[in-house]
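Next come two complexes, and both contain chain A; in the first it sits with chain B, in the second with chain C.
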Partner chain A sequence: MSFRYEIRLSGEGGQGLVLAGKILAEAAAIYDNLNATQSQSYGPEARGGASRSEVILSDEDIDYPKAVHIDLLLALTQESCDRYAADLKSNGILLVDQDAVLTTPEGSFKVYRVPIIQMARDRVGRALVANIVALGLIAGIAKIVSEKALRQAIEARVPKGTEELNLKAFAVGLEHAKTLV
Partner chain B sequence: MSFRYEIRLSGEGGQGLVLAGKILAEAAAIYDNLNATQSQSYGPEARGGASRSEVILSDEDIDYPKAVHIDLLLALTQESCDRYAADLKSNGILLVDQDAVLTTPEGSFKVYRVPIIQMARDRVGRALVANIVALGLIAGIAKIVSEKALRQAIEARVPKGTEELNLKAFAVGLEHAKTLV
Partner chain C sequence: MSNASQQRVRVLTGNEACAEGALAAGMRFYAGYPITPSSEIAEVLAEQLPRYGGVFIQMEDEIASMGAIIGASLAGSKAMTATSGPGFSLMQENIGYAAMAEVPCVIVNVMRGGPSTGLPTLPSQGDIMQARWGTHGDHPIIALTPFSVAETFSLTVRAFNLAEQYRTPVILLLDEILGHVNEKVELPKDGEIALVNRTLPHDPPERYLPYRHTESGVPPMVSFGQGYRYHVTGLAHDESGFPTNRASEIEKLLDRLHRKIEQNRDHIVEVEAYEMEDAEIGLISFGSSARASRHAVRLAREAGKKAGLLRIKTLWPFPDQEIQAYGDRVKKWIVAEMNRGQLAHEVEWALCGRAPIHRVTVYNGDPISPLTILNRINQLD
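Entry: the complex of A and B
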């Protein structure tokens, strides 16, 4: 039986969601030996400032690289939560920034509300690394990619000189996830 | 009648093909009002060092974001040319680095051999900007995204401080394309 896991990272431009998706895909494929695709769509939403990055992980070739039944949705804005929560599959995971997303729709998915951006600002010192705090949360909640692979991909992909900051952001997210699951 | 154009940028890791794909997609979508997706696959090839980035442009929603009938293939290595040229559609365009790709397969596509990496090194001063020289060539050969949109997306996306270098790389590619078509 083949395995397929769909992740959508959503929010607004500048939140580093494409980089986060790329790190997740590389961690899974290069270090964890899965297959992965990472994609982003640009259209009317992007012109309005919204941003969305998708990652699909599988143990087989990925023939259809668009997320259609989402296993995990990260929403860093109310708009992205409203727009995408309906695409979550039954028993999926909705992870939202608790300060940015005030209302989450009803549904048969599990909701985690975490002050992701605030944690990045207060515990790592840079709101900008909220994307990597989110990766730590995803690693701890979904356990779909190994922590070690994610650390390797973070080190390989973040801008030179920011490795330590980003690894700290990852650790903060991961540690918090362990209080949730 | 709807319009769809599939581009695959292929070579090896470190050549900036994902960034080039992203610039192309953003130029098309944010500045030229098309819809665009940009994706990359990671799997056994990526573990071997190969890199591939795909961009699909359309005037409609893009339901199937995987390139299957490629309109334009950029190949910066012999391996990527060998692997992907067969996916080119009839009358498609094969753009190769003439020093890296020594043999191109037979087919009903048009082949352009350009010393892309050498031009980046000798005329811009950095082999690293071969990806942006290639964007200039693509803009001039395929004329699928406007030069203005590409310049805007380059300025918005390349690392701060390298805008001028990259715009020069784009101009070098574009100018050379005009001698080809």
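Entry: the complex of A and C
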């Protein structure tokens, strides 16, 4: 049976969501031999305001490269959670930063509240890598892209010299996910 | 998977794939003026072209960019430029010059919302008619329109091949969604790509006629600097290339310009039929709207509806015969496009009232959703 899995990474401009989406797509497409597309909201609204990056994964050709019914939504700000949760599937997954997102919408989807940004700051040492901590969480919760592929994609894509920092961020997210599911 | 094949499997945007395709096609001269949402094509080529021994020039505007690629092509280079709506408008005069002087070149237009400066960061497909009739006068044109990152690579190569084969400007129409979406693509190995180069003359310089009325309609072409001298003009000209007002020469020239494209339309025109074998509701679309259309067809088929998609890869010359071939079986057509109905109008013309044509038109900066198209299918069923 073929599958189509839709992920929307949302927050505000500067949180590295486009990079995280690209890493997720490359992990799936290059290292896990799936099909993948990644797109982003693009334009002035992406700086500061609500920003989003979408990844579609499938084991067959991907017709429409943007999200229609979301399987997993990551929200790192209250605004992005309010704005983007409406497209979430009823059996989907909502992953939020628990310090930034205080209220989550009603729904039958599963909600995970995790101090993502705090974990990046305190356990990895840089709030900047919250995007990669989130990738670790997604890897552990959704299990749609393999841990190995994500590690390979992170190493290949992040700026030279930051590989270790980012792999640590990924490990912190992944480890925490295993306590949740 | 081996390392070598992993390097060919990449995740690229449409704009990046366009630049890669151009390099693979042998393009070695790029002149342009950056404009959203096409700028990444220039960005990649500014970095890559010098490594291939090619030339990248950022010109003062799009008028000059178009002039520069015409000059480079006359000197023997495969040349291209890339732009979006406002820049495409500025290029029109020189696109006509390239058509009249029969200069092979490729113009990429990554469509954004218009008119005027419009919507720089949002998608549109509003330049269908500008691609056909943007420059004045009776002129032939070829316009190709891919729907995926992988196809952007292959149709960019094809755009150069057609330009070289038929000595004509070729327009490649992308849109913002395709330009910026990242997608898996497996790049072909060197040597796997068939390349076409312009035909050189056998005649010595003193007997060379640059605009000879050959049987194919395409005169052999030399590069400037190879010892041949000839005159290039946008004025109506005879076989020698010099201007003429003689009615018989003018008519022969214009007929040949059109004949070289029209008599080869079966080679140039490409469509893709998806689930059309037994379709009763036929969708017609192109570019990123065809992605939404395919998704809608898939959803409709899951619900047991006989829907299919005829996807246009060559917009000009228009695939009228390919659409007419379904005229007896398809009961209803839906044309999906991001403009106010430019393609639907052309489809109506092709079908001459043989079946009703319904429109899904989105022109507010949003992409067309597959669900919007699916609703239309459900309304008709």
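One rule holds for everything that comes next: the second predicted complex is superposed on the first by the 176 of 181 C-alpha atoms of A that agree within 3 Å, B and C clash if a C-alpha of one lies under 4 Å from a C-alpha of the other, contacts with A are read in each partner's own complex, and residues count from 1 in each chain.
Going forward, a residue touches a chain if its C-beta (ideal position, glycine included) is under 8 Å from a C-beta of that chain, and two chains touch if they have at least 3 such contacts.
This one's a predicted model, so the numbers in the text were calculated from it and none came from an experiment.
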| item | value |
| --- | --- |
| Combined model on chain A: chain C and chain B, fit or clash | clash |
| Touching partner for A:Lys148 - first (chain B), second (chain C), both, neither | neither |
| First, second, both or neither for A:Ala36, with chain B first and chain C second | both |
| Residues on chain A lying within both footprints (that of chain B and that of chain C) | 22, 25-26, 29-30, 33, 35-40, 42-43, 62-66 |
| Sites on chain C touched by chain A in the complex | 1, 6, 9-11, 37, 120-122, 176-177, 180-184, 288, 291-292, 294-295, 298, 367, 369-371 |
| Sites on chain A touched by chain C in the complex | 21-22, 25-26, 29-31, 33, 35-40, 42-44, 62-66, 68 |
| Chain A-facing residues of chain B, complex | 18, 22, 25-26, 28-30, 33, 35-43, 46-47, 61-66 |
